[in-house]
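You will see two complexes here that share chain A, one where it goes with chain B and one where it goes with chain C.
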Partner chain A sequence: MSDAAATLTQDRQRLELSALSAPAVIFTVAMIAFPVIYTVWLGFQSFSSTGKQSFVGLANYAKLVSDHEFWNGLWVTIALYVLSLALQLVLGVWLALVLFHAKRLPGIVRSLFISPFMMPPVVAGMMWIVILDPSLGAANYILQFLGLPPSEWLASPTWVIPTFALIDTWQWTPYVALIVLGGLQSLPPSVYEAAQIDGASAFKTFQRITLPLLLPTIVTAAILRSVDLLRFFDIIYITTQGGPGNASNTLNIYGFRVGFEFFNIGYASALMLTLTAIVFGAVLACNRLRGAVAW
Partner chain B sequence: MNARMFAARVALPVLAVIAVSSEGRAADFDWKKFQGKTVTFLVNNNPVAQALLAYKADFEKQTGMTLKVDGYQEQQMRQRLVTVMNAHSDEVDVFMTLPSREGEQFAATGWYADLSAMAKNDAAKEYDPAGLSQALLKAATFGGKLTSMPMNIEGPIFYYRTDIFKKCGLEPPKTIKDVEAAAAKIKACDSSVTPFVSRGLKPAVAYTFSNMLHNIGGSYIAGGKSNLCSVKGKEALDTYSRLLRDFGPPGVVNYSFQQISALYRGGRAAMSFESSNELRTVMDGGARLKDTALIPFPAGEAGQVPTVIGWGMAVSSHSKQPDAAWYFVQWATSPAVQKKMALQGIAPPRPSVANDPEYRKWIDEEPVRKEWQAALDVLATKGSSEVGYPIVANPESREFIGQAVQDLILKQKTVDQACADADKALDALIAQK
Partner chain C sequence: MDASTTDRWIRRLNLLQLVLAGIIIMTPTVWMVLSSLKPSFEVTAYPPTLVFTPTLSNYVELTKTTPFLSYALNSLIVTIGSTALGLLFGIPAAFAVSWTRISWPAILTLAARMAPGTLFLLPWYVMFRQVGMIGSYTALILSHAVITLPIVIWILLPSFDAIPRSVFEAAQVDGCSVTRILWRIALPLVASGIAVSAILAFVFSWNYFLFALVLSNGDTKTLIAAAFNFIGEGSTQWGALMAAATLIALPPLVLAALVQRWLVSGLTLGAVKG
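Entry: the complex of A and B
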């Protein structure tokens, strides 16, 4: 076969492949693009309580600036994010180290460690409602057994965010641990042998070798958890619906209520796009950090 | 013209005309007229819908139509409805609605088909639309249009433990002040129980608070402005929140019907102000059957003005087969079907069903059922359907009522601050057109 004929065959094969995959590609792009474009369009509309729709340009975004609930929601979202992420990363690394070094840990124990994140959020939410009930729940019973004063947990404006952070930490720390455990298992043994020959203590080895080498993995875990944490919804909706007062009214909860309970779809879209921008911002920042700590 | 005047002057005559003019057409009525059609019903999976859907096969047999059920929990059902209706889709023919909550709003958006015309043109002889609760029909009439037909009648009622009252030397409360005095005495007499429990969860508060406000003599709106900072409004806010703060369970700000019923059923509360619909849940297991009494919420300075609401069935304005959809609504709200539902504990919105011998026999089986029906009779005759502000943005208004009550329960504001903040936000809502 001449070169020209071979090129022609290759071009035809490429064309055929493109034609065959085009429907799937178009469908996938449309499924991703349409909701985004539609939400952006909705964000420029105003819907009155009677459902009348009008184009308002950037008015919904301008309204965000003076909306006290938006700033409260932003603060609540960030507080929950920072607290939960910090707890999950610290405990996740610790749990991964325990699992890595505890070679004789039975399989059932390892399975139990990772079971919380396999639980559906609705089930987890219902379970925690029962455990944290100030009158009937086991949590206050344990506190009283230990001689500590009872807490109102999810009913306290002060404690509701730390309590949600604890619930999320319980559920997702094992997930972080699994990611970190994968990173630990891929670290080169030669570095540890060299440290051992140099007489480095266990703490120094962790501080100077394990942690720096694990940082890219930890940042990857942070990215994955950031996306979820900034969109935290299910358990709050099931337990407090944003209360008490507005103490757990995250941007996601607030946007949902504005859209689906108060029917202001335009403003809700603006809220959700702002939240999406925040999520993108957090992911980009983490990505940059990952680039900086890569080895 | 207020709602009651409107009902007296417009809605009721409309129904009377419907009842008379439908007589002539009833003879030609044919349940099989839409045989072969499929009607889609968007359902809130609550006990009312469950009781109705137990007879789905009867409807399909009687009409030859197919009933497609699209069921969700209450809030998810509204989500689905908002999506469908905003898209002007004909996917849903009939949907469940709470006129007291979303009636004004859905009527203004044009989501309801006008049922008065359908009832006039196509009603079976035995349907008797005028036999339905006038209070509920009034609550479902907006701008002269009948937007839904009532499925049940319900409202908050007062459950109390007769054994604890006896032990503490208390008489059944006749006034709101008696409730507070009883709570104080129970707190001193039996520390193992919560003296009083009702709704504290922000969006749920308006349901029970409205009864308290109206009994005390308050109103939500006066002179076109929010009225929570009136003397009566402040008294209602203060009394409701004080009862929950001083005598309610810890964490009451997260309490809605599930937590309240669980606490009372478990024997951990002496008084509970909660929905009449919770009777079956509260009595589940039988522990409370012999030690509970039921009455409408005790009187305030304005007497007893109980809250009465009911789920309704509406035909979507985007349905391409509203006549077939109306047949389903008519069947579901007919005396025969409502009697079957009543025998399952769904309070009937028809006085004729409430007085039916078979239903009365069921009621007479347990003293607590008798008291429940007696309380519902008071709700039906004296009740107001005003739960939250009678404005288009009613669901949002409930948020601000709940916020004011929570601020007081949590001692985050004084009564003056809480009502002023609520009035400011509510005035803005009232001003929205």
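Entry: the complex of A and C
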């Protein structure tokens, strides 16, 4: 083949490959990239009750700083995030170890384990409304049965965030466990054997060998959960809608309500861009952490 | 105690923990299904009852008092439409990314996985309202395709990557164009990956709440967005509420069970090979 002909084929090839990815690229630009840029612009606008909009510069961001609801939302978001993540990482690693040592795991058992996080979050919300009902729910009956005082659960400003953390932990611990299990299964068995020969106890082996080797996998699970937890929306919106009062009014819930209940699209845009920056910041921080614990 | 006795005890202890975890994981869901089968007076009984005569009356009640079936039809239209769109755009894109190693188109779609949905929903709402598309199936399908597209691309990428380059090179020598290689050679080789990505895209589109909450209207409301209508039935109608919850959860749970072997690597969009 002559050089000219080869270049021609290569050009043609490049053109064809561009054409193959073009629909996805055009779609993504139209539905994601352009709308995000539009949101940035909307963040500089103010919408009056009659729907008239005007350019207000950084006023929406200035409002953010002095908005008591914003700081409440930030606090609620972080509290829910830290509590849920800590619970499901610890329980997830424990469950992964249990699954790892169970030699055979029938497909049906795995299917049951994935059911919490594959069911629609909205359904999980509907289900927990009934179970956690303060007067007729099964959860309080179990507490009473164990001799513990009943809880108001989602109706209590104090307990609503821990309750959401428990619900999310129920839903996503099996997911964390399956990710960590994948990490455990990919570890070379030789390291355990060496530790056993050296007479290390099971706990020491875990603490000194398994856990450090697993850390990159655990951080990966933490990144994936961080992205979801900082945007926690469905279950709150279907159950408390940010209440009681503003006790579960996370930034995501608050931003949605500012936008679609009060129709203050400009301020909602500023709120959502801030939340997006927080999510990306958390992911970048976790990514650096993953780099630090890699082996 | 000799080593084998210790071993046996450790295994028993492990089994005990496994059963305990299984009970905690399964109980709420089992409770939901049981409640949906209870006669209405028994659903709110306190203390809660475990023994009862199962009945389907809550399900009958649900279809009689709410437009459950038309919501279900809306959910099917939006879910199947967005899954099809995701496959149509995602398959060739994943192939091109795998071939060229130029990954930014794939990474761009990940933005939807990281940013809160409201970030897109605000501008979409303003844009769709201007062209009168609020409440249309088109708006719902387009918005849900933002969920399905990254799932399809990121599940198929490793499948395409796994095909040896020599296969493509041989076809090129025979004069096959890139598009022809995709359709005739690569596609059959990644058929199982396509099935997995289609099922997961379906599940996540079906489960998605936020977009339909704002972009649908009374006629196009999906089952998930209609959940409020079932809760609105009030605290006395727990039976019907749990029947609705059970029916809505059924399709994703059955489909997820089918692909559970590939689930974790699929869900993490390439972050974990499991």
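Basically, the second predicted complex is superposed on the first by the 267 of 295 C-alpha atoms of A that agree within 3 Å, B and C clash if a C-alpha of one lies under 4 Å from a C-alpha of the other, contacts with A are read in each partner's own complex, and residues count from 1 in each chain.
Following the convention adopted for this analysis, a contact is a pair of C-beta atoms (placed from the backbone, for glycine too) under 8 Å apart; a residue touches a chain by one contact, two chains touch by 3 or more.
As the structure is a computational prediction, the values presented were derived from the model and not from experiment.
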Combined model on chain A where chain B meets chain C, clash or fit: clash
Per-residue contact with chain A, leading partner among chain C and chain B: C
Which of chain B and chain C A:S48 touches, first, second, both or neither: first
Partner chain in contact with A:L154 - chain B first, chain C second, else both or neither: first
Contacts of A:V176 with chain B and chain C, given as first, second, both or neither: neither
Partner chain(s) touched by A:I265 [first = chain B, second = chain C, both, neither]: both
Which of chain B and chain C A:M31 touches, first, second, both or neither: second
Which of chain B and chain C A:T240 touches, first, second, both or neither: first
Which superposed partner A:P120 touches (first chain B, second chain C, both, neither): second
Partner chain in contact with A:P134 - chain B first, chain C second, else both or neither: first
Colliding region between chain C and chain B, picked from 81-89, 99-107 or 243-251 after the shared-chain fit: 81-89
Overlap of chain C and chain B interfaces on chain A (superposed complexes): 133, 135-136, 259-260, 265
In the complex with chain A, residue positions of chain B that touch it: 75, 78-79, 82, 86, 105, 108-111, 194, 201-203, 249-254, 259, 262-263, 266, 268, 392-393, 395-396, 399, 403, 406-407, 410, 412, 432-433
Chain B-facing residues of chain A, complex: 48-51, 133-136, 150, 152-155, 157, 239-246, 257, 259-263, 265
Of all residues in chain A, those that touch chain C in their complex: 12-13, 16-21, 23-25, 27-29, 31-36, 38-39, 42, 94-95, 98-99, 101-102, 107, 109-116, 118-123, 125-131, 133, 135-136, 138, 141, 170, 173-175, 178-179, 181-183, 186, 217, 220-221, 223-224, 227, 231, 233-234, 237-238, 252, 255-256, 259-260, 265, 268-269, 272-273, 275-276, 279-280, 283
Interface residues, chain C side, partner chain A - complex: 10-11, 14-15, 17-18, 21-22, 24-26, 28-29, 31-32, 35, 44, 46-48, 88-90, 92-93, 95-97, 99-100, 105, 108-109, 111-127, 142-143, 145-146, 149, 153, 177-179, 182, 203, 206-207, 209-210, 213-214, 224, 227-228, 230-231, 235, 238, 241-242, 244-245, 248-249, 252-253, 256-257, 260-261, 263-265, 267-268, 271-274
